[in-house]
Structures are given as structure tokens and as C-alpha cells.
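Listed below are the structures to be examined.
Look for chain A in each of the two complexes below; its partner is chain B in the first and chain C in the second.
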Partner chain A sequence: MLIRPTAEDLRLIGCNLGRVLVVVAGTGLVPLAWALVAGESAPAASFLVMIGAFGTLGFALMLRPPHTDQLEWSHGMVVVGLTWLIVPALGAIPLVLSGHYGSFIDPYFDAMSGLTTTGLTLIQDLDHLATSLNFWRHLLHFLGGQGIVIAVLSVFAGGGAMTLYYGEARDDRILPSVRSTARFIWLVSAVHAVVGITALGVVGRFVLGFRPGRAVFHSVTIFMAAFDTGGFAPQSTSLAYYHSGVFEAASAVLMVAGALSFGLHFALWRGGRKVGTNLEVRTILATFLGTLLLTMGGLAGAGIYQSLSGLSRQGFFQVLSAHTGTGFATVPTAELASWGGLAFAGMAIAMALGGMGSSTAGGVKSLRVGLTVKALSAQVRQILLPEGAVISTRYSHHGWRQLNPGLVQAVMGVSLLYVALYLLGAGAGLIYQLPLQSALFESVSAGANVGLSVGITEPSMPVFLKLTYLFQMWAGRLEFVAVFSLIGFMFALARGK
Partner chain B sequence: MRRIGPALLLVFLPALLIPNPGWAATDVTVSELLQDPAAFEGRTMSVVGELVGDYGFRRDGWAWSQLNGDSYATAPLLEGGALSGSNAGIGIRAPAHVIRALDPPGDYHHRGPLVRATGTWRYHDEDRGGETYLDVTSIEVLRSGAELSEGLNPVVAGVGAFLVVIALWLGYRSRKRSTG
Partner chain C sequence: MTGMPGASRPSGRSTLWGAISTLILEGLVVAVLAVVGTGIAALMLLLTG
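And then the complex of A and B:
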């Protein structure tokens, strides 16, 4: 029997949701200041509307505080699920008012794509967009990549804050308390921001020859898109705009850093002696090398690149972009669409597998892939051994752990859900008679929060396809649990007793 | 009569041998280049479009920019142009002195110069790690760049200010309730 949520449940959810919205309202002051400094008065006014909307809704939800601050799992999951629907809706306000979108769905799509660090975009005439709005698009990557709820936790973590933390698809509690874990994540991000923005800025100014202000603009936006494995870029030609191997290399380092779990960052900061045995590290190295070989082999076989330098630079960067879930492109969309056979397979598999758990990357995640392989090999060994033999399987992931049937079931369940999510988008593409390869590529890109496109995602694509990709981005980023919890909560609200 | 042909050839041959950047250059659109970039490899061509983004002046004497051949090149949104999809742009490399003479590139505050860039299409250039771009030798300005003026909508600003005031009032109320 479904139990209808009580008024206290709603107040708990509302109050915590309100806190998140108020924090995002405060974040909106940054692009507002940017717009004022850059002399972009129309975008400044639109940021004012957005801040006001976030603040009004946030504080209104906090008007009736609950009697207790103790969040249960269901509350936390519903707060996270709602947060990731409402923030892009209000965050899209400046984009709607910019005049660069044809309908309301398009800016919502872009805001969701930004927040979920996907990078697919429906914007029109990006090359004439105000810098403050461009900055806001990238700041959405940063907010989503770090986890909006993490931002709130580091300010005021109440009882049961762990549910919010897990709701955002993070499972590594690095330090004893959630608040200290959240602050560690911000510390890692701040250090990478200082180093990354400086490095990209220096390359922009002294290698690419940009004006100082523009070098700063490019370095800030590319840092947020690279470290948060987002994929938006300030110009329409993505990373191909820069025509620089040095700039690509600097971005690649940030992309890799973003795809590592914060638990691994913590281990590396402490010396990282046991990192070599970590199952997740071994898996991601193996899958990256495998997909790189597939893609390079495909490109070489098809004769797409005549030289080794072209093959290695373009092939390597595109596979890295796909595997980390970043979605930066150094080749035009139409050209990417022509990569067939092994090259297509390598790219699609790289996107589908994704980066590490508790990172800013999307996809199935390396740990699940590694555990699945371990479980399957254990099963094969069990069959080969005499009946009654007991096999004990251990794996290293920040310490040695035992592989148990419950964990295997959970891992395979989520992995299957990702496969279903990829097939859902591909099926939606097939309805519109898109070629299977293109439909699958774009669907995996949306569901795994990558952002590479073969040209399907464009303003003129059917509304149903836009909605399907929107759902894929949302569900893929939250790794399903918060999504199912929210659906269940809504059902209980309507039909519960 | 038989002598006229060789005589004409002698007259016009020097003219044919004088290097002319526009010579043998066919007009190609950015869309055509993006659709099938391999088909134009090594061909000399002229491409019309707006220079946008940045002029990156490098130490090797070259400058890089982006040439957009979409409808916004001639009708920017801020000048009343209609939405017509995503941008369509290619990278260009030109001698720095050629670029230095141009108006600022297109961005939010500027309509970039509309130019006819003539040069050779480099597809997966081996010397540049497989990059694709137009290696420009000459640029003809078809229309100068200009500053674009944005229009501040007072209604939007007013609604924004009103919402912020409401939010602050609600924040005061909620704080008073939680402390009271």
C-alpha cells in the first residue's frame, strides 16, 4: 500500500529545495557582475529576473519550516530529483530572454545540458552571444559537475544530508562527515581552477595570441567545460576553434582530472601508493586503450587521416573527449558523422562506458564495468571448478573489499538501466527515420552526458526527440535512483492513502 | 591570320604568369566545405563570410580567425536578423599583416567584417596534426565591421528588480519565522 506523504514531508522537501534555490540565486550574482563589467545591459537585466525568480521561489518554500531537520532517504532523493528539474527551468530565463532560441524547450534543453554536464546545444548564433550569457552556460557546467547539492551541503548541512549527497550519484564519502567531504570536493575544484585557468590563459595569451581579456574569457569558460567534463565551448566550432595542440593538451589534462573520482583525487593527494591496484583505475585504463585502438584502427583502415600525426592527435583527443564524457570536438559534426565501422564503435563504446564514479563524468562508470567483469570471471571459474568449491573474489577500491552477490546485482541493474536508456533514445531517433548509427550515437551521447553530436541535435529537430534527450540527460546524470524516487513520490502523492 | 594566334599569346602570356590571388579561385560556400571537406582538398578558392571571435596573432607571423558563412553574417540578430539555426564556420589562417588591417571580429558588441577570403583549402593538414582550415593569401573586405547596439528592455529590468525585492522580503520573513 502506498502511503501519502504528510504535510511535514512536504515541508521538509520544500525547505531543503528552497535552500538549494537560494544558493543558486546567490550564484547568479557572478554572471550579473560579469554582464555589468562587460557593458552587457540586456543580459544583466535578464540575470536580475533569474536571481529574483530563484530567490522568490526559494524563500517562499522556506516560509514554513519543518519541525525536524532530519531528512529520510525518500526526502533526499525527491529534493535532488526536483532540484535537477527546477534549476534548469529557472536557469534558462536569461537564455530565453537572449533571443538566441526559437522556443522555450530549447533554452531549457541547453540549461539541462549545461547542468548535467552534457554539452549538447540548441543555441542559435552562438558566435554573437553576450559573453556573460556564455559564461552562465559554462557556470551551469560547474554547478552541475560539482553537484549543486554539494554547494548547499558545504554551507548548511542538516540531519540526513547524506541522502542528498548520494542522490546526486556520489558514493564515495571521502572524509568522516558530509560537510567535510563537500568542502574537500570544493578544495580540489578550487586548486584545479587556479592551475587550469592560469595555464589556459597563458596559452591563450602567449601561444594563441589572443587579447588579454579574451584570453581570460576563453580560459575561464574552457576550464569549466573541461574540468566538469561538460563540453560547451564559447565558439561554435568547439575546440577546433583554437587550432592548437598545446591548448588541446592543456584541456585534455583538465578533462582527465574531471573524469577521476574525488576519492581518487583524495588518494592521490595523500601520496597515491595504492592507486595502481585500484580496480576503477585499471578498468578505465583498459577501456580507454581498447576504445582508442578500435577508433584509431577504424580511422586508419578507412584512410581518413593520411599522416600519423593527424591520426594520433585527432583520434586520441576525440576518444579522450568521448571517454571522459566531455564532448569537445576538434572535427566538424559532418565529418564525425562519417566515421563508420570500428571508429564509430570505438567512440560509441567510449561514450557509453564513461568516466569514474563520483566524478563529473557520466556513463555506466568504470567501477561498474570492472565489477561486472570480475563477477563474470568469478562465475566462469565457479563453473570450471568442482561442484561445491567456494570462490571468494576481492577487489581494490580505496581498500580491499569483498565482491558480494548484492553488490553485483545492484551494479548489473544500473548498467542494464543505462543500456535501456541508450536504446530508448536510439528508438526515438528511429521513429524519425534517422540512420541507426546516428540515432545510437546521439542517444548514447545524451544518456552518458557526453555532448558529441553527429548533427541530429539542432534547433529544428522534432520536439519529441528534444524531450527524449532531455529525459536521458536528467536520468543519466542522476543515475536513476533519484528519478525513480521522484516518480514514486508523485505517484504516492496522487494515489497514496 | 595564322600569325595572329601566336601574336596574341605573346601579348597575353605575361599577364597569365603574373601571380594573382584570385586567379583560378572558385567560389565555395562554408556550408559546402563543411558538408564534404575532403572533396576540396588542395583547391584554391574564395569563401565569403564574416570574421568572428578573435584574431589570434601568433609568433610565427600568422593570424588565425573563424569565418562564418551563415545568415547571421549578413543579418545579425541584434540588427533584426531572423533565427536560422546554428553557426556555420571554418578556421582561417592568414598572414598577420593581412588581418591586422581589418575591423574587430564579430561578437556581441560587433558585426565583424564581411570578407571574401581567397586561399587554399587544407584538409587534414599533415604539418598541423590533421587540422582543417583555409590557408588565406588575400582578403577582400566586402562590408566593414560595425558596432552593434543592444536594446535594454525596461520591462525586463523592472520585472527583475521587482522579483529581487519580493525575494528579499520573503527571505526576511522566513528568517524571522525560523528565529522566532
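And then the complex of A and C:
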């Protein structure tokens, strides 16, 4: 039997949701300032409307504060689930008003894609989009990659803030308090921002020959898309636009940095002596090399690239883009769609597995993959060894830990949910007679928040498929618990006793 | 992340050197992976004629 939420529950949820919306309203001032400096008056007006919408709703929700500030798990999960539905809806306002989208669902799709750091897009004529609107799309990557709630926690964290932190699919409580952990995450991002934007800007200015303003615009947007493993790009041809190995290399470093867990960043900053034994590090290296081998083998076998430079550059970058969950493309969509057989398998597996836990990447996550393999291996050894033999199930992840049945069950449960999510999107694609390979590729790309496309995601695609991918991006980013909690909460609200 | 062991480690000051060495390490990892990737590509081209 479900218990109907009380008025106090609703006030707690509303007040915390309101705080998040007010903080997001504040971040809207950044693209507004950009639009004013760039002399883009229409986008500036649309940002004002958006800020007003966020602020009005946020303050309205905070009008009736709860008697206590202590969030319980259910409250935290519902706040996170709702945040990740409402922020893209209001964040889509400037995109709706831009005239670059066919219907309301398309800008909502793009805002959700931006916030969940997916990178699939339904925009029309991207190459002529106002720079401030393009900046806003990439800023959504940054907000989502950092975790919107993390942004709020770094400003004010009330009682039970940890529930919000976990709700956004993070569990690396790096420092003793949630606030200090949130601030460490911001520090890592700030350091990478300074170095990344400078490096990309220098390449843009002196290698690609961009004017200073143009170099700044491209370096800032590409930084946010690369470090937050998002995949939006300011031009419709993605990273292929730059035709520059140096630019791709600088982006690749940021993509790798984004796919590392913030816990690993912390360990490295502290000296990182035991990083080599970390199960997550070993797993991601093994799966990356495995999927690279598959993809390269498939591409060479099919004769798609016959030169060493072509095969190594395109194959390496695309597998890296898939495995880190970034979704930058250096090959045209039509060419990517022709990667069949082993190359397709390598790319799809790389996307499905994803980066590290508590990073900005999506997918099943390396630690879950490593723990699953470890658990299966222990089970096989148990069967083969004499009865009563003791099997070691220790693993290293920021210290030695013991694998226990509860953990294995949770890891396998979430991994299975990801498989189900990937199959859901593929099934939806099959309804519209799409080839199985393409339907599966696009579905994994949406569910694992990658953003690579074989051409299915376009404005003319069926509405049901758009809604399916929207759900996949949302559920995949939140790793299911907040999603199920929100569904349960809604059910309790309607049918609870 | 759901289904993961929580990690709570001692606090400490993150040093500037730690940040710089991490950035260098990230660059080195990409460089090594790119070299390995080129090796794999060469091997695959050799094997497939």
C-alpha cells in the first residue's frame, strides 16, 4: 500500500525544487550578457522571458516553506526527477522563440539532450543560429554535466542534501561534507576550463586562423561539450568542421578528463599512487582497447579506410567519442551509417558501456562492468574449486573493498535496466521499419547519453520516436532510481491512502 | 551512482601541483592510446591486405 504524500511533503519538495529553479534563473544571466555583448537583441529578449519563467516558478514554489528542512530519500529523488523534467522545459524557451525548430517538442528534445549531455539534436539550420543561443545550448551541457543540484549544493545545502546528490546518479562523496564535495567538483571543472579554453582558443586563433572573437566562441562551446561529454557543436558538421588533428587532440584530452570519475580526479590530485590497481581504471582501459580492436578490425575488413592515417585517426577518435559518451563526430552521418559489422558492434558496445561512475559520462559505467565480471569470475571459480574453498572477492576502488551479494545484485539490476532501456528504443525504431542495426545504434546513443547519430534523429522523425528518445535520455542520465521514485510518488499522490 | 559502494575519504588540500600533474597525465594517456590505436590500425590493415 502506498501512503499519500502529506502537505508537508509537498512543501519540502516544492521549496527545494524552487531553490534549484532560482539558481538556474541566475545562470540564465550568462547567455543574456553574451547576447547583449554580441548585439543579439531578439535572443536577449528570449533569455529575459526564460529567466522570468524560472524565477517566477521558483519563487512561487518557495512561497510556502516547510516546517523542517530535513529531506528524506523520497523527497530528494522526486526533486531530482522533477528538476530534470522542468529545467529543459523552461530552458527550451529561447530555443522555441529562435525559429529554428518545427514544434515545441523539438526544442524540448534539444534542451533535454543538452542537459543530459547527450548531444542528439533536432535543430534546423544550426550554422546560422545566433551565437548566444548556441552558447546556451552548450551551457546546458555544462549545467547537466556538473549536475544542476551540485550547483545548488555549492550555494546552500540544507538537511538531507545527500539525497539530492545521490539522486543525480553520483555516489562519490569525495570530501566529508556534500558542500565541500560539490565545491571540489567545481574546482576540477574550473581548472579544466581555464586550460581547455586556452588550449582550444590558441589552436583556433593560430592554427585555424579564426578571428579572436570567433576563436573564443568556438573554444568555450567546444570545451563545455567535450569536458561534460555532451557532444553539441556550434556547427552542423560537428568536429569535422575544423579539419584539424590538433583541435581533435585537444578535445580528446578534455573528453577523457570528463569521462573520469571525480573521485579519481581527487585521487590523482592527491598523488594517485594506487590508481593502477583501481578496478574501474583497469576495466575502462580494457573495454576501450577491446572496442577499438573490434572497430578497427571492422573498418579495415570492410575497406572503408585504406590508409593508415585515415583508419587510425577516424577509428580512434570515434571510439573515444563513443566510449566517453561525448558524441563528437569527425565523419559525416552517412559515412558513420555505413560502418556495419564489427565496426558497428565495436561502436555500439563502446557507447553502451560508457565512462566512469560519478563522471559526466553516461552508459552502464565501467565500475559496474568490472564488478559484474568479477562476480561472474568468482562464481565460476567457486564451481571449479573443491567444496569449501575460500574465494577472494576483494577489489580496489579508492581502497580495498569486499564484493558482497547485495552489491552484486544492485550492480546487475541497474545494468539489466540499461539493457532494457537500449532495447526499448530499438523496439520503437523497429515499429517505423528502421533497419535493426540503425535502430539499435540510435537507441544506445540516446540511452547512454552519447549523441552519435546514423541519421535517424532529425526534425521529421516520428513524434513517438522523439518521445522515446527523450525518455531514454532522461532515465539513462538519472540511472533509474529518481525516475522510478517520481513515478511511484505520482502514483501515491493519485491512489495512496 | 546507484549500486555502487559509497566512497568517503579523508579530506585534504588539493594542491596546484596535483592539478597540473593530472592534466599532464590526461594528455599522456590520450597520446599513449593514440599510439596504441595507430598500432592496431596498422596491424588490421596488414591482416586484411
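Here, the second predicted complex is superposed on the first by the 497 of 497 C-alpha atoms of A that agree within 3 Å, B and C clash if a C-alpha of one lies under 4 Å from a C-alpha of the other, contacts with A are read in each partner's own complex, and residues count from 1 in each chain.
Quick note on the criterion: contacts are C-beta pairs under 8 Å (C-beta built on N, C-alpha and C of every residue); 3 or more make two chains touch, one makes a residue touch a chain.
Small disclaimer: the values here were computed from a predicted structure and weren't measured.
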{"item": "Which superposed partner A:62 touches (first chain B, second chain C, both, neither)", "value": "first"}
{"item": "Which of chain B and chain C A:458 touches, first, second, both or neither", "value": "first"}
{"item": "Chain B versus chain C as contact partner of A:311, first or second or both or neither", "value": "both"}
{"item": "Which superposed partner A:291 touches (first chain B, second chain C, both, neither)", "value": "neither"}
{"item": "First (chain B), second (chain C), both or neither touched by A:51", "value": "first"}
{"item": "Common ground on chain A, meaning residues reached by chain C in one complex and by chain B in the other", "value": "306, 311"}
{"item": "List of chain A residues in touch with chain C within their complex", "value": "166, 169-176, 180, 184, 187-188, 191-192, 195, 249, 252-253, 256-257, 260, 263, 265-266, 268-272, 288-289, 292-293, 296-297, 299-301, 303, 306, 308, 311-312, 315-316, 319-320, 357-358, 365, 367-368, 397-399, 401, 407, 410-411, 413-414, 479-481"}
{"item": "Sites on chain B touched by chain A in the complex", "value": "34-37, 52-59, 63-64, 66, 68, 70, 72, 76-78, 83-91, 93, 106-109, 124-126, 128-133, 148, 150-153, 156-157, 159-168, 170-171, 173-174, 177-178"}
{"item": "Residues on chain C engaged by chain A in the complex (per definition of touch)", "value": "1-9, 11-12, 14-15, 18-19, 21-23, 25-27, 29-30, 33-34, 36-38, 40-42, 44-45, 47-48"}
{"item": "Partner chain B, residues of chain A touching it in the complex", "value": "18, 22, 25, 39-42, 45-56, 58-60, 62-65, 97, 99-102, 123-131, 207-211, 214, 218, 235-237, 240-243, 245, 304-307, 309-311, 313-314, 330-335, 458-460"}
